[in-house]
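Chain IDs A, B, C and D follow the sequence of writing; residue 1 opens each chain.
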Amino acid sequence: MISNILSLLIWVPILSGIILYFYNRNEKILNIYNVLINFFVLALSIYLLINFKQDVEAFQFIEKYNWINTLNIQYFLGVDGISTLLIILNTIIFFIVSIYNLNLKIDKRNQYYASFLIANGLTIGVFSSLDAILFYIFFEALLIPMFLIIGIWGGANRIYASIKFFIYTFFGSVLLLISFLYINSKISSFDINYLYDANFTLVEQEWLFIAMAIAFAIKIPMFPFHTWLPDAHVQAPTSGSVVLAAILLKVGAYGFIRYVLPVVPIGAMSLDIYFIILSLIAIAYVGLIAITQNDMKKLIAYSSISHMGFVTLGFFIIFQLFEKTSNVDDLIISLSGSLYQIISHGFVSASLFICVGSIYDRYKTKKISDLSGLLNQMPVYSWFFLFFALANCGLPGTSSFVGELLIIISSFKANFIYAFISSSTLIISAFYSLWLVKRVIYGEIKIDLDKNIDANNLEKLILFTLALIIIILGIYPDFIMNFMNTSLRHISETIIFKL
Amino acid sequence: MELLLLFIPLLLLTSSLIVGLSSNNLGKISAGILSSTLVFVALIFSSIILFNIYKHEDQILYENFYNWISISSLEIGIGYLIDKFSAVMLFVVLLISFVVHVYSISYMSEEKDFKRFFSYIALFTFSMILLVMSNNLIQLFIGWEGVGLVSYLLIGFFYKKESAIKANLKAFLINRIGDMFFILGIAMIYALFDSFDYRTIFININKVDFENLDSYFGLSYLDLSCLFLFIGAMAKSAQIPLHVWLPDSMEGPTPISALIHAATMVTAGIFMVGRLSPLFELTDFTNSFILIIGSSTALFMGLIAIYENDIKRVIAYSTISQLGYMVAALGISAYTVSFFHLFTHAFFKALLFLCAGSIIMSLHHNQDITKMGGLRSKLPVTYICFLIGTLSIIGFPLTSGFFSKDLILEVMLDNNSTISFVSYNMLLIGALVTVIYSLRLLFIVFHGDFRGGKLSSIKEQSMIILLPLILLAIFSLFSGYLIKTFVDMPIYFYGLKDIHYEGMLPFISHGILSPASIALITGFFAAKILYKDERKFKMLNSAITIKLKSFIQTKYKFDELFIYSSNKTKKISSLLASKFDIGLIDGFIVNGLPKKINKLSQILKSLSSGYLYHYAFLFVFSIVVIFGIILARIL
Amino acid sequence: MITMTHYLVFSLLLFCISIAGIFINRKNILLLLMSIELMLLSVNTNFIVFSHFSNDITGQVFVFFILAVAAAESAIGLAIIVALYRVKNSIEINLINKLKG
Amino acid sequence: MIIQNTITSLFHFMPEIILSISSMVILLIGTLEFLKKYVFQLTILSILLASSFSYMVYPETALSLFNASIVKNDITEFFKYICYFIFLIQVLISRKYLNIRKLDSGEFYSLLIFALIGCLIIISADNLIVLFLGIELSSLSLYSLIALDKSNSLSSEAAIKYFVLSIIASAIMLFGFSYLYGLTNSLSISEIIVFSNTNEISNLYLFSYILIFIGVAFKFAVAPFHMWLPDVYEGSPLPVTNFISSIPKIAFFVLAYKFLDGNNIMQIDNFHNIFLFLGIFSVIVGNLYALAQKKIMRLIAYSGVANSGFIFLALYAAIEYNFSVSAFYVASYSFATVSLISLVTYISSKKYNLVYIKDFKGLSASLGFISVLFMVTLLSTAGIPLTVGFYAKYLVIDSLISKDLILVATLVILMTVVGLYYYLRIIWFMFFEPGINSLVNRGDKLSVLILSFIPAIIIMVFLFPEPIFKYIFNILT
């Protein structure tokens, strides 16, 4: 049993990243070092997964030190099922990205790697911190490497995108800080357990809810706070997009489940209808917008927003479910759906972005109208692309189906209209995903590069791994459900208890 | 038994994966043989199961072999429910699949993507079996989507053809419209019973207090849920108005049209309604809705077939029309009758398609019937098989179609209600139409003179093509004699439907003397005069008939409707994206606010002049203000 | 009888006049220096008044310090004006606005 | 007795005395041709000497020297150390800059040390006369320092502006002093505070306090008394700006602390609301002005205005005499701004005048490490986590919230979001824009080492803030 495993998970990549930032000599050593560190972190997280006890309700692998006594801030780490899974998602994605990056031709390679390593550590910090301010610090610090990744290695309009990204999310997070400080001023603690025990009046809860929800809604992003995401994705380098879609958006969702719903359930309950409406708009309206995007990355970005709409829908219908059935199981099912959607979308969007990135590397364009008939020239890529596109529209057998199914059936229990609008994603997502496939993959070739540009072995490995994960998650969801179950029950019971 | 059941899907999945992912070492022919063998083994297994089911009366196999999801109270498994109903369906699916596998070895041998094709059809069969075996709604839905996916892939098999990739997108999207409602229906059922398992649902069906449930849009809860489920079936089984994808799906390879778009996948909707008969039985509005949709599909889609010139499209419209018969039968709760027609239809329609494939191959991929004719002499085997298929579909006495179609018409007539009487008449006219278009096809293709150049180069295909035809022809001829089995077939938890059937001979004699025979005879002569003898009638050139003809040839504008709505969606999408998302949210609020702030700061900047006396004045002025406020507060 | 208040009001007025002199005067920088002197003198008046009426000598000590500092300030002010004149060839205040915004 | 007292006092006042003597010596040898080149070393030496002496005579208990006109206690010593440290860095960094511009004369260093002494005296003064002398000593030195670059017309313009406005502020403060004197008959600050606790607070007392704090607000450049700051920052030589930006602020913070700590006037609404409103106004105005700036020094100046607003908000929050928040803010801000200006100074000393923000374009390509340091410092000024600036803002917001001023807290923190934009603009110019080739020469290692001191502290204190917090909370509450 490794003690302080969470600290290791957080600090090993961060410190190695800092070292890497100032090391700029041998490219080969750089590559190996980067992959090794990422692999080490992955292995460590798998160790965490193996040693995690599924049926224990409390947080595990706890590390608790007094960090700043005077301000009640602790260095308090620990994981439950939800965070363990998200950490695994995180380490897998970063490992894949580190391998993908081997193929890139970029300058300042060491700094590129360093930014990713630091982002890796910080994300693990976000998912494992149980002290609100510690969480906030990781949450906010995470912006810096992402800002640099988009800004330095991004596309033509990268500055606009990165600044928008940074300021928009910073705007949200200061509201979060205000809420945490307010809570602290009432209960003199940032400890998650005290937060769960705290009781506030309705008005307090409403305001706290609004502030925190806006913060996380920007991060997820929910409609109408979503406009930074397409820009960020379009401008970010491929690996940046992957991390952004697969990890960063999840941080917002994680915030909801960890810091909003169980802490201020009454406030959430009294305002849930607005957030349900926003989620439904995200699902239908943003999906609709995705259809006619001409930039592949933008299309996938909008589809991400639409999919994250499911996540938030799953979060916010629980109160109506509780009112209707007062059965804790229904809450758990809905929340499970959301979390499953989070994890599944992490892999699916990552895969799609990797595919798009590789197409861009070869054809130097992301415009759909410039491309056609890739199947003729890069069949392996195209088949994978098709597969991921199908996964994106929630085909059974792939991971995305599970989450959407659970949320649709739960949302019907809450209200007919919710289910009706949310299930429209079946049509809309198929429309944008497969119309994209039709225009890009199928048909006659438009730009003939006249050389063998299909996936090399490394890329095949990456795509195959991702496809395998998506399928495994699609046919064996219980693996993840078992992990989450106890934790979700705990959270649901906390919510119900406070209602 | 249970093990065999488990093996059937596994065999097919293995086949699909091996063939699909294997390297170039595995040759085309050996891949074809391998997957055909695997399907054959599965077919054997399914016949053993079928045999067993019929040997032990009332035996029902019901088990979960895999727990897909279990979250506290929610349990979704993958399992099987095999009663007579699904055992027969299983057998039919595997049989047609096997036949098509064998047929395809020859038919597709020229194709570069031969192995991909085999992988697809194996995957299709797998999904279909998952659907048929399922013992819960989710597994049904998984199979449901799975067959839709493979259909999508296969229609777009020739991915360079613009028409093919348009058709497959259309097919998938329209199926998705159905799926959306289907999943809503599932959600409604789940909300009611808290389970997806058929057994739990059916057991609890009597405990539900239907009176006190919410109603939506004036429909009762159950009506609406079944309506939604049926809309799903409408898309899959190509009922008006969601049928538009099926004619276009003929862009796929012909064996696929036989397997997917005639015999199996499109009947999934029929199967589903039959499977859920205990629920549908209780509905009121939905049943009438089903009846109306079914009978109008049967009639109006048949009419289109009369004017089609693409051989596959004629058969496609005939498929839609025949599916209409089945759906109509569902509408009066004659589930097994409908299933019987499904059963016979599977054979003769697969036969017709495969014959068409054989013709198309012989004519070097010409599908236009106006360029055919007089093929009888050159393709004798195909001709005979096609003739058998045609006789069967028009319900010529003693062929399989005769039994199933007449049974539908009879139960329809027995059902004493206005709607069913109207439907009966529509179906009867539909029968006439069926005769006309089927015989038209037969006459134009096989009789008369060849209109496509030189006839001499055309010759019969190899035995690999012909054997399946013969096999299916035999089934088409004789499967109708199993009528008793279907009349007496119990459906899980639904039991038997009391159908007026007095035995084979009375049924035959009654059938021959029924109005259907009149339709048959009239149709025969009409077709013979019009298409064999090619006589011209003045009446046919009158304004009304021409108008009618052109109206039918527009296919009732359903295609245009979907194209219109899809274009509209795109237009709305780009409008929303540019005006609302980029314009309002991004431009006005997200970027607009910073711009406002920036402007404000520019104004402020221009205000500070840099003159010392201004600074001093502001200094003093601020002090005065501060003191002013404080004095005001103190005094 | 002249009371303390009279003195205080007088010094306040003096202070106000001197401040007004700073921002009303838009031409001559030397007038600025004079205003500043006047300002400090009004403070001195205050100290002396308080010192006198409370019989406490420290106030007057303060005045000496202020006077000394005022002298130093004038000196430095003049030095700056000289430096300014060297580069600008002018000591008009309304020409000094290169730094702004 | 008196003599002995005086001797003790002189002993404890040794650091300031050392500095005074050395500054005069420097002035002297600055005029001697053959010793001229040692003025820099002598300056460094005197600072080191003074600070180590200051350590040697560190008082175990609070001391009152020269008839209670000078006090020495933990607080004064703490801030003095900060001043020494900052001053040392400033001097070390300025050498090259001055050298190139031919400003590294004896009088420069001498005046700079005088300004420092003035600030040190402000910190430890307990008597209004001494306080006034301290203020004037530092101000007078700064007037001349700003105008030191005689070839630069902006320099004299800045000087004249600062000169006039600063004297007005001093006079206003003095006016306040005079009323306080008249009211309490005492020039001792501690007695003035005792007076407030024993008598009811009269309007005159209130007015005189307001007058004094208008002076303080001027020195902090809190809006609307901020006009001089950007002009002075822009006009004066960078080392002088560097000094003005930090050490006087620390000194005036201690002054404010001395006037407010334990004083009942803090409980009066009319008084403490001035801090609140000036603070809010300053945060808004500073950030908005900074947004429109094109020149780096003006930008830093306006960001200083915004930060001073935060200091005032922190002072507002100190109603219960908890000055640790504001103290921490002042210290953190001073460090960050010194680091910023030192970095600008360093880059400007390479014959490359860093005036406009667009001059930062592509800096990371030629000066990679320096850019990182710059980024860390900027983030600290903006209050992003991983830097100590986060805690500074955090504490202010926290104390506002604990006063139930949630809307105010939200408003000012949203203004920092606005402010973030201009900090990010510099970062993006440095890192995201293509490079300029004129900066290829690598800097000298020593300067880089010195420059990395403060960013290192910024990050280290972020990671392990507890000792600092404990210490500050301990001495200030």
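Of note:
Quick note on the criterion: a residue touches a chain if its C-beta (ideal position, glycine included) is under 8 Å from a C-beta of that chain, and two chains touch if they have at least 3 such contacts.
Quantities reported herein were computed from a predicted structural model and do not represent experimental measurements.
Here the chain-to-chain distance from chain C to chain D, counted in touching steps, is 1. Interface comparison, B-D versus A-D: the pair with the greater number of contacting C-beta pairs is A-D.
Chain B and chain D have Cα centroids separated by 78 Å.
Inter-chain spacing, taken between the CA centroids of chain A and chain D, is 44 Å. Centroids built from CA atoms put chain B at 37 Å from chain A. Separating the centre of chain B from that of chain C, both taken as means of CA atoms, is a distance of 97 Å. Within chain C, contacts with two or more other chains are made by residues 19, 22, 32, 96, 98-101.
Looking at chain B, one finds that residues 594, 605, 608, 610, 612, 614, 616, 620 touch two or more other chains. Those residues of chain D in touch with two or more other chains are numbered 160-161, 164, 168, 231, 292-293, 421.
Of all possible chain pairings, those that touch are A-B, A-D, B-C, B-D, C-D.
Listed in rising order, the residues of chain D touching chain C in the complex are 128-129, 132-133, 136, 140, 143-144, 147, 150-161, 163-164, 167-168, 171, 174-175, 177-179, 181-182, 185-187, 230-231, 234-235, 292-293, 298. Across the interface of their complex, chain B is touched by residues 19-20, 22-26, 32, 93-94, 96-101 of chain C. Those residues of chain D lying in contact with chain A across their complex are 369, 372, 379, 384-386, 390, 394-395, 397-398, 401-402, 406, 409-410, 413-414, 416-417, 420-421, 424-425, 427-428, 431-433, 465-466, 469-470, 473. Contact residues of chain B toward chain C in the complex are 605-606, 608-614, 616-617, 620. Here chain A touches chain B in the complex through residues 164, 167-168, 224, 227-228, 285, 288-293, 327-329, 332-333, 336, 373, 375-376, 390, 393, 395-397, 401-402, 405-406, 408-409, 411-413, 416, 419-420, 423-424, 426-427, 430-431, 434-435, 438, 441-444, 475, 477-478, 481, 485, 489, going by the rule given at the top.
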